[in-house]
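Each in structure tokens, the structures are laid out below.
Same chain, two partners: chain A is paired with chain B first, then with chain C.
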Partner chain A sequence: MKCRRCKALAAVALPSHHAGFCPDCFRKFFLKQVETAIRRKKMILPEDKILVALSGGKDSLALMEALTRLGYQPVGLHVDLKIPGSSDVARKTVEDFCSRRGLRLIVADMEEWGLPIPEVRRKVKRPICSICGKIKRHAFNRIALEQGFDVLATGHNLDDETARLFANTLRWDEAHMAGQSPSLPAENGFARKIKPLYRLSEFETAAFAFLTDIEYTTAPCPYSRGASFTAHKALLAQLEARSPGSKISFYEGFLERGRPAFQNRDSDKEQLAPCQYCGMPTSAGACGVCRVRQLLQQS
Partner chain B sequence: MIFVRLEPESEDLTLPKPNTVLQLLNRLQLGRTQALVIRSGELLTPDRRIHDGDRIEIRKVTSAG
Partner chain C sequence: MKCRRCKALAAVALPSHHAGFCPDCFRKFFLKQVETAIRRKKMILPEDKILVALSGGKDSLALMEALTRLGYQPVGLHVDLKIPGSSDVARKTVEDFCSRRGLRLIVADMEEWGLPIPEVRRKVKRPICSICGKIKRHAFNRIALEQGFDVLATGHNLDDETARLFANTLRWDEAHMAGQSPSLPAENGFARKIKPLYRLSEFETAAFAFLTDIEYTTAPCPYSRGASFTAHKALLAQLEARSPGSKISFYEGFLERGRPAFQNRDSDKEQLAPCQYCGMPTSAGACGVCRVRQLLQQS
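What follows is the complex of A and B.
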């Protein structure tokens, strides 16, 4: 197979684009997709301070790399959850990546925040992943707010987004469908949230990571119960294999024609006030995360 | 025979030589876009030939999460 652009030997074949690319042209193709996403969804304005959530996996690191190559100056944020067996590797991966490339990195250490996940897991009865997710989002929002970032970028790719949309659709979860977007405006004191990789598949981000020498971690979290979306991803992969391009048209079609219908329902807008402990916007006096922290301190 | 390293499981396999990358992926029940196929630091497209004695790394791309 030959590269579509320069006719050299192809390294990456993309059925959804009916094309193959050599390493150099693939990197250009990838960056162009990210640029298009940013432009079409008005994700980043000139002068915006950009914070990128870095987990140490391929997607977030590929995003950081792409933004840097596009001329932005993003700052990385890693949340160290203190989970034995996975957090150490993740933190080291992110630290090495940033220091090798001379990128600024902020590490939010959940031990220092009084929220180490293993202890949260012991003391709180609800499923750990939902609380852990809440704590991560809290840390991202709080650092963004306190340090004056305008945009918070995450590495969600097309497969993540379509799997989530598929799950939301199966349940006709109107509220979540109204809120699913690769670019959510700043609101209630939260920074704008963007997903610049939403047009790129997992395969494409993995190829980009490989072709830009990114070392990423795949160490699974010991608390993971086999990710909930994996089955949906497999179904969508079958569909995509049979008719290439279905994922992107499912998602783009939703953004254009599906989501507006759900947004119009004007879900009861909650009144938010700053949390009395951390200052983050919340509907109760103390936010959910501060209540977890108090629970840990009591016992 | 060829030697295959499967990631992220870090599993080593020895397999009879397939003709192409596509045949290899089929044998492992992987779709064309479910894994990167790497030989000597180079990414291979599904139409590439496989040679006897090749050492190949197969990196699945689906992240848990």
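What follows is the complex of A and C.
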């Protein structure tokens, strides 16, 4: 197969685009997809201060790399969860990535925040993955707002987004469908949130990471039973193999015609007020994360 | 495995209901599901004259059998498409089924209607399956209205309905989502349409047909490349195997929360008027089926 742009030998085949690219043209293609996402969904204004959540995995680091190459000056945010055998590697990966490229990095240490995940896991009876996710989103939002960032970017890719959409659709979960978007405005005490990789598949972000010499971590979390939506992703992969382009058209069609139908109906939103301890939005007096912190302090 | 109702040896295992049934209790279970569908979706009023479209396959004959066993007095309608090697068998199957049970049957002969499918296929350039479907629905509606039936019942099962819903959802096809329901009211010159088997899987209708000694035809149409939505059905079968009950909850959730969102938006419906030749509703002066008939007469 030849590169669609320059006719050199292709290194990356992309059936959903009926194309293959050589390494250099693939990097250009990738950046163009990110640019298109940012432009079409009005993700970033010229003067915006951008915070990028960096886990140390391929998606978040590829996003940071792409934004930098597109001329933005994003700041990294790493949440150190203090999970033995996983957090050390992740933090070092992110620190090395940022220092090598001269990028500013903020590290939020969950030990210092009174929320080390191993202890949370011991004390709280609910499934740890959902609490850990809540704590991470809390840290992202708090740092973004308190340190004056205009927008918080995460590395969710097309496979993440379509698998989540598929799960929401199977349940016809109106509230989650109304709230699923690659670009959510700032409101109710939440920072603006964007997903500039939503047009790119997991395969494409992995290829970009490889072709831009990104060293990322693949160490799995010892508390997790595997990535989320694995089975849904496998079903959608079959669909994509059968009709290339299915995933992006499912997702874009949802944004154009599906989501608006549910947004109109989502009129009875919860009333939110600042948490009495941390100031982050909550429907109770104290937010869920502060309540977990208190539980840990009591014992 | 034991029968859930009577503890005899089970003959049919139903993972989505976490149950197994002996033959007698399975028939009761099946009839109960049909009854539940009719009651919940207000499909049939006590005095309604019911017309059932009978292809000769397991679903339509199982539906006719179930309605009869539930005390209704449905009339059968078979559309003889005049396809060599397929229509003869289908017609004979339906005629035998009805005569053995003393049920009234109307046969609509497409030769007499000036619409034999082999000739339609020779003259019309578009894909034959979609035109043939249109002709059948036209015949169903015309006979129902002209002969004073209150409701037209078809044998669509849960697998048919979820596969169609999945296809509509992947495209976020608002109009088709607004129009998909197991119970459509009479309007705009269309008869009331119901699908009393929508809660039952293809496996369950096949089991009911087998356990009630229904002789049905499995002869494939020589013009078709196979059943519709085969690939979608395979994906949904995987989902169902992984989490039993997924299909019915996907479909019922759609009826409760998905469809209403699209119905509200479906305000710009086409204006329909009676066809100048047959009186059936159409957005043009002559309906699509009458135009096909004229094309055949011209040559």
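Criterion: the second predicted complex is superposed on the first by the 297 of 299 C-alpha atoms of A that agree within 3 Å, B and C clash if a C-alpha of one lies under 4 Å from a C-alpha of the other, contacts with A are read in each partner's own complex, and residues count from 1 in each chain.
Operating definition for what follows: a residue touches a chain if its C-beta (ideal position, glycine included) is under 8 Å from a C-beta of that chain, and two chains touch if they have at least 3 such contacts.
On a predicted model such as this, the values are computed, not experimentally measured, just so you know.
Asks: Who does A:Pro220 touch here: chain B (first), chain C (second), both, or neither?
Replies: In the superposed model, A:Pro220 contacts chain B only, not chain C.
Asks: Regarding the shared-chain residue A:Thr212, is it in contact with chain B (first), chain C (second), both, or neither?
Replies: Touch status of A:Thr212: no partner.
Asks: By the touch definition at the top of the document, which applies to A:Phe262: first (chain B), second (chain C), both, or neither?
Replies: The answer is second: A:Phe262 touches chain C but not chain B.
Asks: Have a look and say if chain B or chain C is in touch with more residues of chain A.
Replies: The larger set of chain A residues in touch belongs to B.
Asks: Where does A:Leu235 make contact in the superposed view: on chain B (first), on chain C (second), on both, or on neither?
Replies: second
Asks: Looking at A:Thr68 after the superposition, I want to know if it touches chain B, chain C, both of them or none. Which is it: first, second, both, neither?
Replies: neither
Asks: When the two structures are overlaid on chain A, which partner does A:Ser201 contact: first (chain B), second (chain C), both, or neither?
Replies: first
Asks: Give one of first, second, both or neither to describe whether A:Asp59 is in contact with chain B, with chain C, with both, or with none.
Replies: A:Asp59 contacts chain B only, not chain C.
Asks: Considering only the contact definition stated at the top, list the common interface residues of chain A for chain B and chain C.
Replies: 238
Asks: Spell out the residues on chain A that touch chain B in their complex, using ranges where they run on.
Replies: 1, 10-15, 20, 23, 57-59, 159-160, 201-203, 205-207, 210-211, 218, 220-221, 224, 226-227, 229-230, 233, 237-238, 240-241
Asks: Over in the complex, which chain B residues touch chain A? Could you list them?
Replies: Interface residues on chain B, with respect to chain A: 7-8, 31-34, 36, 38, 42-48, 59, 61-65.
Asks: Show me the residue ranges of chain C that touch chain A in the complex, using the header's touch definition.
Replies: The touching residues are 169-172, 174, 231, 235, 238-239, 242, 246, 249-250, 253-254, 256-258, 260-262, 264-265.
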